[in-house]
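Going in written order, the chains are labelled A, B and C, and every chain counts its residues from 1.
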Amino acid sequence: MSKIVILTGIPGSGKTSILTESVALLNRERKKTVSVNFGDVMFDTSGVAHRDEMRKLPQEKQIENQKKAAEKIARMAKKENVIVDTHCTIKTPSGYLCGLPEWVLKNIKPNVIVLVEAEPSEIKGRRDSDESRKRDEESADDIDAHQKLNRAAAISYCMLTGATMKIIKNRDSYLLDAVKELAGLF
Amino acid sequence: MSKIVILTGIPGSGKTSILTESVALLNRERKKTVSVNFGDVMFDTSGVAHRDEMRKLPQEKQIENQKKAAEKIARMAKKENVIVDTHCTIKTPSGYLCGLPEWVLKNIKPNVIVLVEAEPSEIKGRRDSDESRKRDEESADDIDAHQKLNRAAAISYCMLTGATMKIIKNRDSYLLDAVKELAGLF
Amino acid sequence: MSKIVILTGIPGSGKTSILTESVALLNRERKKTVSVNFGDVMFDTSGVAHRDEMRKLPQEKQIENQKKAAEKIARMAKKENVIVDTHCTIKTPSGYLCGLPEWVLKNIKPNVIVLVEAEPSEIKGRRDSDESRKRDEESADDIDAHQKLNRAAAISYCMLTGATMKIIKNRDSYLLDAVKELAGLF
(Lines give C-alpha, C1' and ligand atoms only; values in the text may rest on other atoms or scores of the structure.)
Protein backbone atom coordinates (compact mmCIF):
# COMPACT_ATOMS: atom_id res chain seq x y z
CA MET A 1 0.00 0.00 0.00
CA SER A 2 1.25 3.47 -0.78
CA LYS A 3 2.34 5.84 1.99
CA ILE A 4 2.46 9.53 2.73
CA VAL A 5 5.59 10.80 4.40
CA ILE A 6 5.83 14.44 5.44
CA LEU A 7 9.41 15.67 5.18
CA THR A 8 10.50 18.63 7.26
CA GLY A 9 13.78 20.25 8.17
CA ILE A 10 14.94 23.77 8.86
CA PRO A 11 16.96 25.70 6.26
CA GLY A 12 20.43 24.17 6.09
CA SER A 13 19.30 20.76 7.33
CA GLY A 14 19.86 19.34 3.87
CA LYS A 15 16.24 18.34 3.43
CA THR A 16 16.20 19.09 -0.31
CA SER A 17 19.22 16.94 -1.14
CA ILE A 18 17.82 14.03 0.82
CA LEU A 19 14.47 14.41 -0.91
CA THR A 20 15.90 14.43 -4.43
CA GLU A 21 18.17 11.46 -3.84
CA SER A 22 15.52 9.42 -2.02
CA VAL A 23 12.94 9.86 -4.73
CA ALA A 24 15.50 8.78 -7.33
CA LEU A 25 16.51 5.76 -5.23
CA LEU A 26 12.92 4.69 -4.57
CA ASN A 27 11.98 4.89 -8.23
CA ARG A 28 15.08 2.89 -9.20
CA GLU A 29 13.84 0.28 -6.73
CA ARG A 30 10.44 0.33 -8.49
CA LYS A 31 8.70 1.87 -5.49
CA LYS A 32 6.80 4.56 -7.35
CA THR A 33 7.19 7.78 -5.35
CA VAL A 34 6.51 11.42 -6.11
CA SER A 35 7.44 14.46 -4.09
CA VAL A 36 5.25 17.52 -3.78
CA ASN A 37 5.91 20.84 -2.15
CA PHE A 38 3.00 21.75 0.09
CA GLY A 39 3.20 25.45 -0.78
CA ASP A 40 3.15 24.65 -4.50
CA VAL A 41 0.06 22.44 -4.18
CA MET A 42 -1.64 25.19 -2.19
CA PHE A 43 -0.81 27.75 -4.84
CA ASP A 44 -2.08 25.46 -7.63
CA THR A 45 -5.38 24.79 -5.89
CA SER A 46 -5.88 28.38 -4.69
CA GLY A 47 -6.76 29.85 -8.08
CA VAL A 48 -4.83 33.08 -7.42
CA ALA A 49 -2.48 34.41 -10.08
CA HIS A 50 0.52 35.22 -7.88
CA ARG A 51 1.98 33.66 -4.77
CA ASP A 52 1.97 36.94 -2.89
CA GLU A 53 -1.80 37.15 -3.25
CA MET A 54 -2.10 33.90 -1.35
CA ARG A 55 -0.74 35.37 1.87
CA LYS A 56 -3.01 38.41 1.58
CA LEU A 57 -6.21 36.39 1.47
CA PRO A 58 -8.47 36.52 4.54
CA GLN A 59 -7.58 33.86 7.08
CA GLU A 60 -10.64 31.68 6.44
CA LYS A 61 -9.76 31.60 2.75
CA GLN A 62 -6.18 30.57 3.55
CA ILE A 63 -7.43 27.76 5.77
CA GLU A 64 -9.76 26.70 2.96
CA ASN A 65 -6.79 26.56 0.57
CA GLN A 66 -4.71 24.57 3.02
CA LYS A 67 -7.50 22.04 3.40
CA LYS A 68 -7.95 21.70 -0.35
CA ALA A 69 -4.23 21.15 -0.83
CA ALA A 70 -4.20 18.52 1.93
CA GLU A 71 -7.13 16.67 0.36
CA LYS A 72 -5.44 16.73 -3.03
CA ILE A 73 -2.30 15.18 -1.56
CA ALA A 74 -4.34 12.50 0.20
CA ARG A 75 -5.93 11.63 -3.17
CA MET A 76 -2.52 11.43 -4.89
CA ALA A 77 -1.36 8.94 -2.28
CA LYS A 78 -4.00 6.43 -3.30
CA LYS A 79 -2.00 5.65 -6.42
CA GLU A 80 1.63 6.07 -5.36
CA ASN A 81 3.90 7.00 -2.47
CA VAL A 82 4.02 10.71 -1.76
CA ILE A 83 6.69 12.68 0.05
CA VAL A 84 5.37 16.08 1.12
CA ASP A 85 8.06 18.73 1.31
CA THR A 86 7.09 21.31 3.92
CA HIS A 87 8.06 22.88 7.24
CA CYS A 88 7.42 21.67 10.73
CA THR A 89 7.37 25.23 12.08
CA ILE A 90 8.29 28.45 10.29
CA LYS A 91 10.01 31.39 11.96
CA THR A 92 8.07 34.59 11.21
CA PRO A 93 8.28 38.07 12.72
CA SER A 94 5.20 37.21 14.83
CA GLY A 95 6.79 34.00 16.07
CA TYR A 96 6.85 30.34 15.11
CA LEU A 97 4.02 29.23 12.86
CA CYS A 98 2.97 25.57 12.63
CA GLY A 99 3.45 24.28 9.11
CA LEU A 100 0.95 21.54 9.85
CA PRO A 101 -2.07 22.84 11.73
CA GLU A 102 -4.83 20.44 12.72
CA TRP A 103 -6.94 20.99 9.58
CA VAL A 104 -3.99 20.15 7.33
CA LEU A 105 -2.93 17.08 9.32
CA LYS A 106 -6.38 15.54 9.50
CA ASN A 107 -6.86 15.92 5.77
CA ILE A 108 -3.43 14.63 4.73
CA LYS A 109 -3.47 11.69 7.20
CA PRO A 110 0.29 11.07 6.98
CA ASN A 111 1.96 7.77 7.86
CA VAL A 112 5.24 9.32 8.98
CA ILE A 113 6.44 12.80 9.87
CA VAL A 114 10.17 13.13 9.29
CA LEU A 115 12.42 15.68 10.94
CA VAL A 116 15.71 16.07 9.12
CA GLU A 117 18.12 17.33 11.75
CA ALA A 118 21.78 18.25 11.83
CA GLU A 119 24.25 19.64 14.33
CA PRO A 120 23.56 23.37 14.78
CA SER A 121 27.20 24.13 13.91
CA GLU A 122 26.91 22.15 10.67
CA ILE A 123 23.69 23.91 9.75
CA LYS A 124 25.34 27.24 10.40
CA GLY A 125 28.28 26.23 8.22
CA ARG A 126 25.99 25.18 5.36
CA ARG A 127 24.03 28.40 5.56
CA ASP A 128 27.17 30.53 5.54
CA SER A 129 28.54 28.80 2.45
CA ASP A 130 25.23 29.00 0.57
CA GLU A 131 25.49 32.34 -1.18
CA SER A 132 22.47 31.73 -3.40
CA ARG A 133 20.00 32.29 -0.60
CA LYS A 134 19.63 35.19 1.71
CA ARG A 135 19.02 33.73 5.12
CA ASP A 136 18.65 35.42 8.46
CA GLU A 137 21.74 35.13 10.59
CA GLU A 138 20.91 32.78 13.39
CA SER A 139 23.21 31.65 16.16
CA ALA A 140 23.85 27.97 16.81
CA ASP A 141 21.73 28.34 19.95
CA ASP A 142 18.79 29.70 17.92
CA ILE A 143 19.13 26.81 15.50
CA ASP A 144 19.22 24.36 18.38
CA ALA A 145 16.10 25.91 19.93
CA HIS A 146 14.26 25.75 16.60
CA GLN A 147 15.10 22.07 16.12
CA LYS A 148 14.00 21.25 19.65
CA LEU A 149 10.72 23.08 19.15
CA ASN A 150 10.14 21.14 15.96
CA ARG A 151 10.36 17.87 17.86
CA ALA A 152 7.65 19.05 20.24
CA ALA A 153 5.48 20.21 17.33
CA ALA A 154 5.97 16.97 15.42
CA ILE A 155 4.99 14.72 18.30
CA SER A 156 1.78 16.75 18.68
CA TYR A 157 1.13 16.23 14.99
CA CYS A 158 1.49 12.49 15.60
CA MET A 159 -0.99 12.58 18.48
CA LEU A 160 -3.68 13.88 16.13
CA THR A 161 -2.94 11.55 13.24
CA GLY A 162 -1.38 8.35 14.54
CA ALA A 163 1.65 8.99 12.32
CA THR A 164 5.11 8.06 13.58
CA MET A 165 7.77 10.71 14.06
CA LYS A 166 11.13 9.82 12.52
CA ILE A 167 14.27 11.81 13.25
CA ILE A 168 16.84 11.53 10.46
CA LYS A 169 20.27 12.91 11.26
CA ASN A 170 21.96 14.45 8.24
CA ARG A 171 25.61 14.86 9.15
CA ASP A 172 28.15 16.39 6.79
CA SER A 173 29.60 13.69 4.51
CA TYR A 174 26.92 11.17 5.48
CA LEU A 175 24.14 12.21 3.08
CA LEU A 176 23.76 8.69 1.75
CA ASP A 177 22.91 7.34 5.19
CA ALA A 178 20.13 9.88 5.51
CA VAL A 179 18.86 9.09 2.01
CA LYS A 180 18.69 5.39 2.84
CA GLU A 181 16.85 6.10 6.07
CA LEU A 182 14.19 8.12 4.29
CA ALA A 183 13.82 5.59 1.48
CA GLY A 184 13.67 2.83 4.07
CA LEU A 185 10.35 4.18 5.34
CA PHE A 186 8.61 2.92 2.20
CA MET B 1 -8.21 44.38 12.20
CA SER B 2 -8.00 43.81 15.91
CA LYS B 3 -5.98 40.95 17.35
CA ILE B 4 -6.00 38.60 20.32
CA VAL B 5 -2.66 37.93 21.93
CA ILE B 6 -2.41 35.45 24.77
CA LEU B 7 0.33 36.45 27.20
CA THR B 8 1.93 33.81 29.39
CA GLY B 9 4.97 33.60 31.62
CA ILE B 10 5.84 31.79 34.83
CA PRO B 11 5.94 33.68 38.13
CA GLY B 12 8.99 35.93 38.11
CA SER B 13 9.15 36.19 34.32
CA GLY B 14 8.05 39.80 34.54
CA LYS B 15 4.88 39.20 32.55
CA THR B 16 2.82 41.71 34.53
CA SER B 17 5.26 44.61 34.05
CA ILE B 18 5.46 43.95 30.34
CA LEU B 19 1.70 43.80 30.09
CA THR B 20 1.09 47.09 31.88
CA GLU B 21 3.73 48.97 29.90
CA SER B 22 2.69 47.52 26.56
CA VAL B 23 -0.97 48.40 26.99
CA ALA B 24 0.04 51.97 27.89
CA LEU B 25 2.35 52.18 24.89
CA LEU B 26 -0.20 50.79 22.45
CA ASN B 27 -2.90 53.17 23.61
CA ARG B 28 -0.50 56.14 23.33
CA GLU B 29 0.06 54.98 19.74
CA ARG B 30 -3.74 54.97 19.21
CA LYS B 31 -3.87 51.20 18.88
CA LYS B 32 -6.78 50.60 21.16
CA THR B 33 -5.89 47.65 23.37
CA VAL B 34 -7.33 46.20 26.55
CA SER B 35 -5.93 43.51 28.78
CA VAL B 36 -8.03 40.91 30.54
CA ASN B 37 -7.08 38.28 33.05
CA PHE B 38 -8.52 34.94 32.00
CA GLY B 39 -9.28 33.91 35.58
CA ASP B 40 -11.15 37.18 36.19
CA VAL B 41 -13.29 36.77 33.09
CA MET B 42 -14.08 33.22 34.13
CA PHE B 43 -15.10 34.37 37.59
CA ASP B 44 -17.29 37.14 36.16
CA THR B 45 -19.10 34.80 33.78
CA SER B 46 -19.40 31.93 36.28
CA GLY B 47 -22.06 33.51 38.45
CA VAL B 48 -20.53 32.21 41.69
CA ALA B 49 -20.06 34.54 44.65
CA HIS B 50 -16.49 33.63 45.59
CA ARG B 51 -13.46 32.52 43.65
CA ASP B 52 -12.96 29.45 45.81
CA GLU B 53 -16.37 28.16 44.78
CA MET B 54 -15.22 28.12 41.18
CA ARG B 55 -12.63 25.41 41.78
CA LYS B 56 -15.11 23.28 43.70
CA LEU B 57 -17.61 23.09 40.86
CA PRO B 58 -17.97 19.76 39.05
CA GLN B 59 -15.55 19.42 36.16
CA GLU B 60 -18.18 19.77 33.43
CA LYS B 61 -19.31 23.05 35.01
CA GLN B 62 -15.73 24.33 35.10
CA ILE B 63 -15.27 23.47 31.43
CA GLU B 64 -18.53 25.26 30.71
CA ASN B 65 -17.22 28.37 32.50
CA GLN B 66 -13.93 28.25 30.64
CA LYS B 67 -15.76 28.08 27.32
CA LYS B 68 -18.01 31.01 28.21
CA ALA B 69 -15.03 33.11 29.23
CA ALA B 70 -13.24 32.25 25.99
CA GLU B 71 -16.28 33.23 23.92
CA LYS B 72 -16.60 36.49 25.79
CA ILE B 73 -12.98 37.35 25.05
CA ALA B 74 -13.45 36.49 21.38
CA ARG B 75 -16.39 38.90 21.26
CA MET B 76 -14.37 41.68 22.91
CA ALA B 77 -11.71 41.32 20.24
CA LYS B 78 -14.13 42.29 17.51
CA LYS B 79 -13.91 45.89 18.64
CA GLU B 80 -10.37 46.27 19.93
CA ASN B 81 -7.09 44.47 20.50
CA VAL B 82 -7.14 42.16 23.49
CA ILE B 83 -4.21 40.85 25.50
CA VAL B 84 -5.23 37.84 27.57
CA ASP B 85 -3.20 37.46 30.76
CA THR B 86 -3.03 33.79 31.70
CA HIS B 87 -0.73 30.81 32.20
CA CYS B 88 0.69 28.41 29.66
CA THR B 89 0.85 25.61 32.23
CA ILE B 90 0.29 25.80 35.98
CA LYS B 91 2.21 23.75 38.53
CA THR B 92 -0.26 22.00 40.87
CA PRO B 93 0.21 19.20 43.41
CA SER B 94 -1.20 16.77 40.80
CA GLY B 95 1.23 17.98 38.15
CA TYR B 96 1.28 20.54 35.36
CA LEU B 97 -2.13 21.73 34.22
CA CYS B 98 -2.63 23.28 30.77
CA GLY B 99 -3.86 26.85 31.08
CA LEU B 100 -5.24 26.63 27.58
CA PRO B 101 -7.01 23.34 26.94
CA GLU B 102 -8.53 22.65 23.53
CA TRP B 103 -12.00 23.99 24.38
CA VAL B 104 -10.53 27.32 25.51
CA LEU B 105 -8.19 27.68 22.55
CA LYS B 106 -10.82 26.93 19.92
CA ASN B 107 -13.19 29.48 21.41
CA ILE B 108 -10.65 32.26 21.88
CA LYS B 109 -9.02 31.76 18.47
CA PRO B 110 -5.85 33.71 19.35
CA ASN B 111 -3.54 35.28 16.79
CA VAL B 112 -0.40 34.96 18.87
CA ILE B 113 0.60 33.02 21.98
CA VAL B 114 3.43 34.79 23.79
CA LEU B 115 5.84 33.14 26.20
CA VAL B 116 7.64 35.67 28.37
CA GLU B 117 10.86 33.94 29.37
CA ALA B 118 13.89 34.85 31.42
CA GLU B 119 17.06 33.19 32.60
CA PRO B 120 16.22 30.76 35.40
CA SER B 121 18.76 32.49 37.66
CA GLU B 122 17.12 35.88 37.02
CA ILE B 123 13.68 34.46 37.73
CA LYS B 124 14.97 32.97 40.94
CA GLY B 125 16.48 36.32 41.91
CA ARG B 126 13.22 38.16 41.23
CA ARG B 127 11.21 35.65 43.23
CA ASP B 128 13.58 35.85 46.18
CA SER B 129 13.41 39.64 46.30
CA ASP B 130 9.61 39.72 45.98
CA GLU B 131 8.49 39.54 49.59
CA SER B 132 4.88 40.38 48.81
CA ARG B 133 4.15 36.97 47.39
CA LYS B 134 4.62 33.58 48.93
CA ARG B 135 6.03 31.40 46.25
CA ASP B 136 7.20 27.83 46.36
CA GLU B 137 10.94 27.56 46.44
CA GLU B 138 11.99 26.22 43.07
CA SER B 139 15.52 25.50 41.92
CA ALA B 140 16.89 27.05 38.74
CA ASP B 141 16.64 23.58 37.19
CA ASP B 142 12.94 23.34 38.05
CA ILE B 143 12.38 26.78 36.54
CA ASP B 144 14.24 25.78 33.42
CA ALA B 145 12.19 22.58 33.10
CA HIS B 146 8.94 24.52 33.50
CA GLN B 147 9.90 27.03 30.80
CA LYS B 148 10.89 24.24 28.43
CA LEU B 149 7.61 22.45 29.02
CA ASN B 150 5.73 25.67 28.29
CA ARG B 151 7.36 25.87 24.85
CA ALA B 152 6.10 22.37 24.06
CA ALA B 153 2.62 23.21 25.34
CA ALA B 154 2.50 26.48 23.40
CA ILE B 155 3.44 24.96 20.08
CA SER B 156 0.64 22.40 20.56
CA TYR B 157 -1.74 25.27 21.20
CA CYS B 158 -0.62 26.76 17.88
CA MET B 159 -1.26 23.51 16.04
CA LEU B 160 -4.92 23.63 17.06
CA THR B 161 -5.45 27.33 16.34
CA GLY B 162 -3.02 28.48 13.67
CA ALA B 163 -1.68 31.09 16.11
CA THR B 164 2.01 31.92 16.08
CA MET B 165 4.16 31.29 19.15
CA LYS B 166 6.33 34.25 20.12
CA ILE B 167 9.11 33.95 22.69
CA ILE B 168 9.91 37.27 24.36
CA LYS B 169 13.04 37.34 26.49
CA ASN B 170 12.72 39.59 29.50
CA ARG B 171 16.22 40.12 30.81
CA ASP B 172 16.96 42.19 33.89
CA SER B 173 17.39 45.86 32.90
CA TYR B 174 15.94 45.30 29.44
CA LEU B 175 12.23 45.57 30.20
CA LEU B 176 11.68 48.17 27.50
CA ASP B 177 12.91 45.81 24.79
CA ALA B 178 10.37 43.23 25.89
CA VAL B 179 7.60 45.84 26.01
CA LYS B 180 8.38 46.94 22.46
CA GLU B 181 8.40 43.35 21.26
CA LEU B 182 4.96 42.70 22.70
CA ALA B 183 3.54 46.00 21.39
CA GLY B 184 5.11 45.23 18.01
CA LEU B 185 2.78 42.29 17.55
CA PHE B 186 -0.15 44.68 16.98
CA MET C 1 -14.88 10.02 43.20
CA SER C 2 -12.71 7.48 41.43
CA LYS C 3 -9.89 8.57 39.15
CA ILE C 4 -8.07 7.40 36.05
CA VAL C 5 -4.31 7.80 36.07
CA ILE C 6 -2.31 6.88 33.00
CA LEU C 7 1.12 5.58 33.96
CA THR C 8 3.95 5.79 31.46
CA GLY C 9 7.69 5.35 31.54
CA ILE C 10 10.31 4.06 29.15
CA PRO C 11 11.84 0.59 29.61
CA GLY C 12 14.12 0.71 32.64
CA SER C 13 12.27 3.61 34.28
CA GLY C 14 10.95 1.24 36.92
CA LYS C 15 7.33 1.83 36.02
CA THR C 16 6.26 -1.74 36.73
CA SER C 17 7.70 -1.82 40.26
CA ILE C 18 6.05 1.48 41.11
CA LEU C 19 2.76 0.25 39.73
CA THR C 20 2.74 -2.99 41.71
CA GLU C 21 3.71 -1.33 44.97
CA SER C 22 1.28 1.59 44.55
CA VAL C 23 -1.70 -0.62 43.86
CA ALA C 24 -0.86 -2.68 46.96
CA LEU C 25 -0.46 0.47 49.07
CA LEU C 26 -3.69 2.04 47.84
CA ASN C 27 -5.71 -1.07 48.51
CA ARG C 28 -4.20 -1.36 52.01
CA GLU C 29 -5.40 2.23 52.51
CA ARG C 30 -8.89 1.16 51.37
CA LYS C 31 -8.68 3.21 48.19
CA LYS C 32 -9.91 0.56 45.80
CA THR C 33 -7.61 0.64 42.77
CA VAL C 34 -7.01 -1.69 39.86
CA SER C 35 -4.32 -1.55 37.24
CA VAL C 36 -4.85 -2.48 33.62
CA ASN C 37 -2.41 -2.78 30.79
CA PHE C 38 -3.73 -0.90 27.77
CA GLY C 39 -2.40 -3.49 25.32
CA ASP C 40 -4.10 -6.29 27.25
CA VAL C 41 -7.46 -4.52 27.27
CA MET C 42 -7.12 -3.91 23.55
CA PHE C 43 -6.35 -7.56 22.93
CA ASP C 44 -9.33 -8.68 25.05
CA THR C 45 -11.77 -6.39 23.25
CA SER C 46 -10.36 -7.05 19.78
CA GLY C 47 -11.73 -10.56 19.40
CA VAL C 48 -8.60 -11.84 17.64
CA ALA C 49 -7.01 -15.10 18.75
CA HIS C 50 -3.36 -14.00 18.88
CA ARG C 51 -1.62 -10.75 19.71
CA ASP C 52 0.33 -10.73 16.48
CA GLU C 53 -2.91 -10.64 14.51
CA MET C 54 -3.78 -7.35 16.20
CA ARG C 55 -0.91 -5.50 14.57
CA LYS C 56 -1.74 -6.92 11.16
CA LEU C 57 -5.29 -5.61 11.12
CA PRO C 58 -6.08 -2.72 8.76
CA GLN C 59 -5.45 0.67 10.39
CA GLU C 60 -9.14 1.59 10.74
CA LYS C 61 -9.73 -1.68 12.59
CA GLN C 62 -6.81 -0.96 14.94
CA ILE C 63 -8.20 2.49 15.68
CA GLU C 64 -11.58 0.90 16.35
CA ASN C 65 -9.96 -1.50 18.83
CA GLN C 66 -8.11 1.30 20.57
CA LYS C 67 -11.35 3.25 20.98
CA LYS C 68 -13.18 0.24 22.37
CA ALA C 69 -10.41 -0.42 24.88
CA ALA C 70 -10.45 3.24 25.94
CA GLU C 71 -14.21 3.18 26.46
CA LYS C 72 -13.96 -0.01 28.48
CA ILE C 73 -11.38 1.58 30.78
CA ALA C 74 -13.54 4.68 31.19
CA ARG C 75 -16.43 2.44 32.27
CA MET C 76 -14.23 0.58 34.79
CA ALA C 77 -13.30 3.89 36.38
CA LYS C 78 -16.90 4.59 37.35
CA LYS C 79 -16.61 2.00 40.13
CA GLU C 80 -12.99 2.21 41.26
CA ASN C 81 -9.68 3.96 40.66
CA VAL C 82 -7.87 2.74 37.56
CA ILE C 83 -4.19 2.98 36.74
CA VAL C 84 -3.58 2.43 33.05
CA ASP C 85 -0.19 0.93 32.29
CA THR C 86 0.93 2.06 28.84
CA HIS C 87 3.54 4.02 26.91
CA CYS C 88 3.76 7.71 26.26
CA THR C 89 5.59 7.16 22.98
CA ILE C 90 7.01 3.92 21.59
CA LYS C 91 10.23 3.69 19.58
CA THR C 92 9.57 1.74 16.36
CA PRO C 93 11.65 1.31 13.20
CA SER C 94 9.45 3.96 11.55
CA GLY C 95 9.99 6.41 14.40
CA TYR C 96 8.25 7.34 17.63
CA LEU C 97 4.60 6.32 17.86
CA CYS C 98 2.21 8.05 20.26
CA GLY C 99 0.84 5.59 22.77
CA LEU C 100 -2.08 7.90 23.38
CA PRO C 101 -3.46 9.30 20.12
CA GLU C 102 -6.41 11.69 20.23
CA TRP C 103 -9.09 9.01 19.84
CA VAL C 104 -7.72 7.08 22.83
CA LEU C 105 -7.31 10.15 25.05
CA LYS C 106 -10.78 11.51 24.41
CA ASN C 107 -12.37 8.17 25.22
CA ILE C 108 -10.34 7.44 28.35
CA LYS C 109 -10.65 10.99 29.73
CA PRO C 110 -7.78 10.60 32.22
CA ASN C 111 -7.34 12.74 35.32
CA VAL C 112 -3.55 12.52 35.40
CA ILE C 113 -0.87 11.43 32.98
CA VAL C 114 2.23 10.26 34.85
CA LEU C 115 5.73 10.13 33.42
CA VAL C 116 8.02 7.92 35.46
CA GLU C 117 11.49 9.25 34.75
CA ALA C 118 14.98 8.37 35.88
CA GLU C 119 18.51 9.50 35.15
CA PRO C 120 19.56 8.17 31.75
CA SER C 121 22.64 6.57 33.32
CA GLU C 122 20.47 4.78 35.89
CA ILE C 123 18.10 3.57 33.19
CA LYS C 124 21.03 2.28 31.21
CA GLY C 125 22.35 0.48 34.29
CA ARG C 126 19.00 -1.15 34.96
CA ARG C 127 18.67 -2.29 31.37
CA ASP C 128 22.16 -3.76 31.33
CA SER C 129 21.52 -5.78 34.48
CA ASP C 130 18.13 -7.06 33.30
CA GLU C 131 19.06 -10.22 31.45
CA SER C 132 15.48 -11.44 31.17
CA ARG C 133 14.60 -8.95 28.48
CA LYS C 134 16.24 -8.32 25.18
CA ARG C 135 16.37 -4.58 24.78
CA ASP C 136 17.91 -2.49 22.08
CA GLU C 137 21.17 -0.93 23.12
CA GLU C 138 20.52 2.76 23.54
CA SER C 139 23.02 5.40 24.60
CA ALA C 140 22.35 7.65 27.58
CA ASP C 141 21.80 10.46 25.06
CA ASP C 142 19.13 8.46 23.22
CA ILE C 143 17.42 7.73 26.52
CA ASP C 144 17.55 11.39 27.45
CA ALA C 145 16.06 12.39 24.08
CA HIS C 146 13.25 9.86 24.46
CA GLN C 147 12.36 11.12 27.94
CA LYS C 148 12.35 14.73 26.73
CA LEU C 149 10.11 13.85 23.81
CA ASN C 150 7.71 12.11 26.18
CA ARG C 151 7.30 15.32 28.16
CA ALA C 152 6.31 17.16 24.99
CA ALA C 153 3.89 14.40 24.02
CA ALA C 154 2.36 14.24 27.49
CA ILE C 155 1.66 17.96 27.70
CA SER C 156 -0.13 17.74 24.33
CA TYR C 157 -2.20 14.90 25.73
CA CYS C 158 -3.14 17.20 28.62
CA MET C 159 -4.21 19.97 26.25
CA LEU C 160 -6.80 17.67 24.68
CA THR C 161 -8.11 16.22 27.94
CA GLY C 162 -7.57 18.69 30.76
CA ALA C 163 -5.54 16.05 32.62
CA THR C 164 -2.54 17.11 34.65
CA MET C 165 0.94 15.86 33.78
CA LYS C 166 2.88 14.52 36.74
CA ILE C 167 6.59 13.75 36.55
CA ILE C 168 7.66 11.14 39.10
CA LYS C 169 11.39 10.67 39.50
CA ASN C 170 12.37 7.10 40.23
CA ARG C 171 15.94 7.17 41.46
CA ASP C 172 17.86 4.05 42.40
CA SER C 173 17.22 3.18 46.08
CA TYR C 174 14.29 5.61 46.32
CA LEU C 175 11.51 3.44 44.96
CA LEU C 176 9.30 4.05 47.99
CA ASP C 177 9.29 7.81 47.36
CA ALA C 178 8.04 7.23 43.83
CA VAL C 179 5.41 4.77 45.07
CA LYS C 180 4.10 7.31 47.57
CA GLU C 181 3.98 10.00 44.91
CA LEU C 182 1.88 7.84 42.62
CA ALA C 183 -0.43 6.71 45.41
CA GLY C 184 -0.72 10.33 46.55
CA LEU C 185 -2.55 11.19 43.34
CA PHE C 186 -5.64 9.32 44.56
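Note that contacts are C-beta pairs under 8 Å (C-beta built on N, C-alpha and C of every residue); 3 or more make two chains touch, one makes a residue touch a chain.
The shown structure was predicted, so the numbers you read here are calculated from the model rather than taken from an experiment.
Novice: Quote the value, from 0 to 180 degrees and to the nearest 5, of the angle by which the CA atoms of chain A must be rotated to coincide with those of chain B.
Specialist: 120
Novice: Could the interface between the copies chain B and chain C be described as same, meaning over half of its residue numbers are common to both, or is it different?
Specialist: different
Novice: If you average the CA atoms of chain B and of chain C, how far apart do the two points sit, in angstrom?
Specialist: 31
Novice: Can you tell me which residues of chain C touch two or more of the remaining chains?
Specialist: 152, 156, 160
Novice: Where on chain B does chain C make contact in their complex?
Specialist: 59, 63, 89, 92, 94-98, 100-102, 105, 148-149, 152-153, 156-157, 160
Novice: In the complex, go through chain A and note every residue touching chain C.
Specialist: Against chain C, chain A makes touches at 111-114, 151-152, 155-156, 158-162, 164-167, 185.
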